[in-house]
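Letters A, B and C name the chains as they come in the text, with residue numbers starting at 1 for each one.
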Amino acid sequence: MMEKMLELKNITKRFPGLVANDSVSLDGVAGEVHAVVGENGAGKSTLMNIITGLYHQDEGEVWSRGEKLEFSGPRDAILKGIGMVHQHFMLVNRFTVVQNIILGYEGTKSGVIDFEQARNKVEELCRLYDFKLDLDKPVGELSVGHQQRVEILKVLYRGADILILDEPTAVLTPQEVEELFTNLEKLKTQGKLILFISHKLHEVLRISDRITVLRRGKVVGTVVAGETNKKRLAEMMVGRPVLFRLEKPECEVQEPVLEVRNVTIKTGEDRQSLNNLSLTLRRGEIYGIAGVEGNGQRELVEAVMGLTAYHEGSILIKGQETKGKCVRDVRKIGVGYIPEDRHHRAVVLPMTVWENAVLGMEGDVDYGSWWKLNIEGIKEFTKRKIAEFDIRLGTIDSAIRNLSGGNQQKVVLARELSTDPDVIIAAQPVRGLDIGAIEFVHKQLINARSNGKGVLMISADLEEVLSVSDRVGIMYNGEIVKEFVPGELEVEEIGHYMLGASQKVGEASHD
Amino acid sequence: MTKKTKIMLLQIVSPIIAVLFAVIVSSVLIVVIGKNPLEVYQIMLEFSFGRVDSIAAILFNATPLIFSGLSVAIGFRLGLFNIGAEGQYFMGALCAAYVGFSFGNLPMIIHLPLAIIAAMVGGALWALIPIYLKLKRGVHEVISTIMLNYVAYSLINYLISDVFMDNNQHIPEGTGSPIIRTPKLLASVLMPKLNDFLSLFGIDLPSYAYVNWFFVLALVLAAGIYYLVARTPFGFRMRAVGSSPGAAEASGINPQGVYLRGFLLSGAIAGLIGLSHLLCFYGYMDLDFPKSLGFNGIAVALMGNNNPFGIVVSALLFGFLSRGAEGIQTFLGIPMEVVVIMQGTIILSVVVAASILGRYIRIWEKKEA
Amino acid sequence: MGDMAELLASALRMSMPVLITALGAIYSERSGVTNIGLEGMMLTGAFWAAYGSLHYGPMGGVFMAILMAVLMALLHGVVTITYRVDQIVSGMAINILAYGLTRFFSIELFGMATTSPHVDGLSKISIPLLKDVEWLQPLTKDISPIIIVGILLVFFTYWVLERTTFGLRLKAVGENPLAADTLGIKVLHYRYYGVLISGAFAGLAGAYLALEHTGMYVEGMTQGKGYIALAAMIFGNWNPFGALGAACLFGFAESLSLRVMQNKFIPYQFIKMLPYLLTIFVLAGVVRKAHPPASVGIPYAREEH
C-alpha cells in the first residue's frame, strides 16, 4: 500500500465575492504525476497557494504521509518538502542563479553566506539531474527555459519531494517541453510526487498518471489518464460539450492593409531589437504571430502603434507611412489595439466603466468639446455596448477593476471596435480569460476579419494561433523566420523555427 | 441607505476622525508641557469664533491655503508631487511685486490683473524647470522641486536685498535703518479688502482685518478647478494619466503633454499663493515674507482628498488652527508650533484613515460587481 | 601639500552628514521603502543630540539622537509598510512633524526656537602613527570619531549587502517581494529593518552635524542635506562606494563654496545656491545608468496577486 504523499480533505477558501475552493479533495502518491486541470478561475492557483502555505484555508485539512499539516507561511511548506514552481517565475532578475537558488535557505549559522559551498551544492544538483546552466549569470539574462530550470532547482535544493508545477509549458517551445517531460520522468523514478497544473489537455494526457478536474472551485472528478480523452476532459472542465474547431466562414483576402518593411530597431541590452522584420497583413485575414515570448513581439506591436519610434524601414497602414507619427495619429488612420497588458495598457483600473469605454476618444465630437465632456452621451454609448457585448457588471459607474478579466476585455473590445478600424492589433487577447470569454473574443476577431478587416494576432499559445489564424508567421530574434498556413507544417517543425533552427528538420536545438 | 451613500459618508467622516486623532495627540503634548488641553481648546474656540476679527483672520489665513491646496492637488491628480509650490509662490510674488512698483500711471483695472498674471507666469516658469527635467532627463520631481525651493529663497533674498532694494525709504532721524524690502507697491495694484463690501450687509470689520477679494477669487478658482478636472476632456486626460500613464498612452493620449500642461497649471496657481499677503497686507515684499505656505498646501490637499470642495474646507480648518494658535500663544504661553505638529499628525492620520477606508471600499465594490 | 590635506579634510568633514544619511538610505531603498523623511530624521537627531549632550554628555547626545530618529523612522515604517500609505506623502509629513516638534521642544527645553546653547562634542581622536606625519595632519590628527565611524560604515554596508544572509534577503525584498515571500522571507519585517536602520543613520548624521560640526543645534540646520543624501544615493547607484563618491563630491563643492563666500564678485546668495544646483545637475546627468531596486516605492500586500 503506497502511503499518500499528499492528501487534501475538503479544502475551502473564500474571497470577498467568491468561493475560490469549495470542499476540494484530492490525493497524490509517490512516483506519480497528478494533473490538476480547469479553466482560468476554476481555483487551481488558489489551491496551490494553500498547499504551499502562501494562503491559509478557511476549512478543510492538508495531510502528508500520515501527518496533518498546519502552515503559518511558505517556510513551513518548504520544510515539509513541498516545492512550487510558479507559472510566473518568482526570480530576482538582478541576482545570479546561485543567489536565487539559495535565497531564504542560505544555510548559515553566523549570518555570513558561504557562496562557495552553496555553488558546489548547486553544481552537484545540476549534474544529478542533467541541467545545463550558467550559474553566475544574472537570471534576468537567461532564456525562459533556463529560468524554469532555476525554479525547479530552487525546489530540489530544499529537498522537495512534492513538486507543484503551475502551467509549466505555457512559455516553452515544443522542444523545451520534451526536455521538461524527460526531467519529470526522472523525478518520478526518484519517488517524487508531481502536481501538474495545466489547461493544455493533450500534454496532460501524455505526461500524467491521474487527472483531477476543477470547475468553479469544485472537484468534478478524478480520472486515470489512460482511461479518458480530451473531449471528456474538456466537457468536465466546462460543464458542456465543447467545440474544438472554430467556426470560420470562408473569406476572400483582399489588398494589404498593414505592411511592415525591413524594420530594424536596436534597443538596450535587455530588450530584443527588431531585425529587418517584414510582414504583410491583408484585409479579410487573420495573421497570427507565433513564437516564444521575448522574441520581439512586443516591440513589433509598439512600433506599429507608434509607442516606440523606428528609424530604419517603414510601416504602412492603408498605404500611409507611420514613421514619426504619434499614437493618436496612427489610430486615426484606422487602427484598433487590444494590448497584451490589460491592467497597465488597456484600462485605467480606478476609473469607471463608462470612462474606460471612451478612453482616448474623450475629445472626439460625439463625446465632448474642449470645454465640456458630453457625459450623458458617453453613458448612452456605454450602455449600448454593454448590451451588445453582453458585459456583466453592477453599474457603469463602478470602477472597472471590479469587473472580471473577461468583462474588462469585452469593454476593451467594445471600445476598440467602435471606431470601425481597418486594422486590429490583438496581443495575447485571451490571456487569463475563461472559456466563454475566449470563445467570445475569438468570434469577434473572426467577425471583423470576415467583414474585410485585417487582424494581427500575437499569441504565445500555439494552439490558439493555429486554430484562429488564416496565416501564421513565426517570430524569432526580431524577425519573421517562416510563414505558413495552419496545417502546412508539423508541430515539431514549428518548434524548430521557434527556436531559431534553420529549415533543416531534425537539427538539434541550441542549449 | 444605499452602499454608495454609506461610502460617501465614510469619506467625509474619516478625515474628521483623523483630525480628532491629531487633536488627541496634541493634547498629550500639551499635557507633557504641563498645561491643560481642555483649557487650550476652549481658548482656541472662543478666540477663533467669538470675535468678528477672528473670523476675518480665519478667512484671511485660509486664502493662500486654498491656492496652495489646489496647486498641490493638481499635482497629486497627475501622479506628481509638486513640493515646489514654496519656491513657485516666492517667484510669483516677486514678479507681481515688480509689476506693482514698476508701472506707474496704470488704472487698477489693468494694473491689478497684470500683477496677478505676472504672478502666475512666475510660478509657472519656476515649475517649468522641474517638469522639463523630469520629462527629458527622468529627474524625480520631489528632489528637484525641493532643491529649487532653496534656490528660490536665495535668489529672492538677493533680488530683494541688492537689485530691487528700496533705497529711497524715508526714515526720520535716529529711528533705525532702512528695511530690506522692495519699493512700496503702487495703490493701483493693491487688492481691496472685503470691509466695504461686507458693511453693505451690516458686517463691520475692524480696519486691521485684511481679508480681501483674493478669498473670493480663491473660491471661484476652486469651483473652476473642480469643473476642469471632472467635466472637461483635459481633466479626463489628467486623471487617466495620473492613474495609468501606460493605458493613457496606448489609447492615444500624450502623457508628456498632459504632465507638462498640468504641472505648469499647478505652478501658475502656486504663484497666486502669496498675493493675498503681498497685495493687501504688506504692500511690498521683504525678507520676512511668510514662508511655508507651500508646504501647508500639502496638508490641505491631502485632508481635502484632492477635491476642491474638501480643500476649501480644510483650508478654513487650518486657518482656524493658526488663528487659535495665536490665541493660545498670547493667552496661555503655549508655542504656536503645536499647530505645526498638529498639521503633520493630521496628514499622517488622514492618509492612514484613507488607506484603510480605501481597502474596505474596494472589498465592498468587488462584492457588488 | 598641507593645503591639499586641509582641503580634503574639509571636504570630508562637510560630506559626513550626507554620506552617513545616504548609507542609511541605501538600506531603506534597497528593501523597497523610499524615505523622503530623512531630512526630518536628521534634524530630529541634531536637536536631541544637543539636548542629550547638554544633560548627559556627548555620548548621551549621540545615543538620544539615534533613538529619537529611529522613533520617527518607526512612525514612517508603520504608516507606509503596515498601512501602505504612499511613501512620499508619509515622508513629507514626517518632515513637517519633525520641524514642528523640534521647534516646539526647543522653545520648551532651551527657551528659544532657533538655537540651543553651545554643547560639547565628542573627544577628538587621532590616528596612531599617521598623526605624526605633518602634511597629513589635517586628516589624521584630532578628528571626530564619527568620521572614522562613517568611513567604516561604508565598508560595513558593502559587506552586509553582499556577504550576509540579511543583506541578500533585504535586497530580494526590494527587487521582487512576492518572490521573497514565496520563499518564506518575511517581507514586511525586512522593510522595517531597512527603514529603522535608515533612521538610525540619519540620527547619527544629525548628531554629527550638531555636536561635531557646528557645536550646537540651530533651527533648520540640516538645510536640505537629507534630500541631497537621497540624490547622492541615486548618483551612487544605490551602492555604498558610489554613495561615498557622491557624498565626497557634494562635500567638496560645499567646502569650496565656503571659501569662495568671502569674495567680492559673486553675491553670497548665489554661492549658497550651489549645493542645490549641483544636486539637480547631478541627477539630470544620471538618467540611464540608474538601477533602482525594482520594487522601491510600491507597498507590498500578499493577497493582492
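Criterion: contacts are C-beta pairs under 8 Å (C-beta built on N, C-alpha and C of every residue); 3 or more make two chains touch, one makes a residue touch a chain.
Everything numeric in this text was worked out from a predicted model, so none of it was measured.
Asks: From the centre of subunit B, which other chain's Cα mean sits the farthest off?
Replies: Result for the farthest chain: A.
Asks: Kindly indicate the chain pair that has more C-beta pairs in contact than all others.
Replies: Most contacting pair of chains: B-C.
Asks: Take the average of all CA coordinates in subunit A, do the same for subunit B, and state the distance between these two points in whole angstrom.
Replies: 48
Asks: If you average the Cα atoms of subunit A and of subunit C to get two centres, how far apart are those centres in Å?
Replies: Going by mean C-alpha positions, subunit A sits 44 Å from subunit C.
Asks: Averaged over CA atoms, how far is the centre of subunit B from the centre of subunit C? Could you give it in whole Å?
Replies: Those two chain centres are 30 Å apart.
Asks: Counting only residues that touch at least 2 other chains, which ones in subunit B make the list?
Replies: Not one residue of subunit B touches more than one other chain, so the list is empty.
Asks: Inside the complex, what are the residues of subunit A that reach subunit B?
Replies: 16-17, 305, 307, 326-328, 331, 337, 339, 341, 344-351, 355, 359-363, 367-368, 370-373, 375, 393-394, 398-399, 401-404
Asks: Residue numbers of subunit A touching subunit C in their complex, please.
Replies: 52-55, 73-76, 78, 84, 86, 89-95, 99, 102-106, 108, 111-113, 154
Asks: State the interface residues of subunit B toward subunit A in the complex, per the touch definition above.
Replies: 231-237, 239-240, 243-244, 246-254, 362-363, 365-369
Asks: What residues on subunit B touch subunit C, complex-wise?
Replies: Contacts found on subunit B: 29, 33, 81, 83, 133, 137-140, 142-144, 146-148, 150-151, 154-155, 157-158, 161-162, 295, 298-299, 302, 335, 337-341, 343-345, 347-348, 351-352, 354-356.
Asks: Quick one: which bits of subunit C touch subunit A in the complex? Just the residue numbers, please.
Replies: Result: residues 163-166, 168-169, 171-172, 175-176, 178-186, 291, 294, 302-303 of subunit C touch subunit A.
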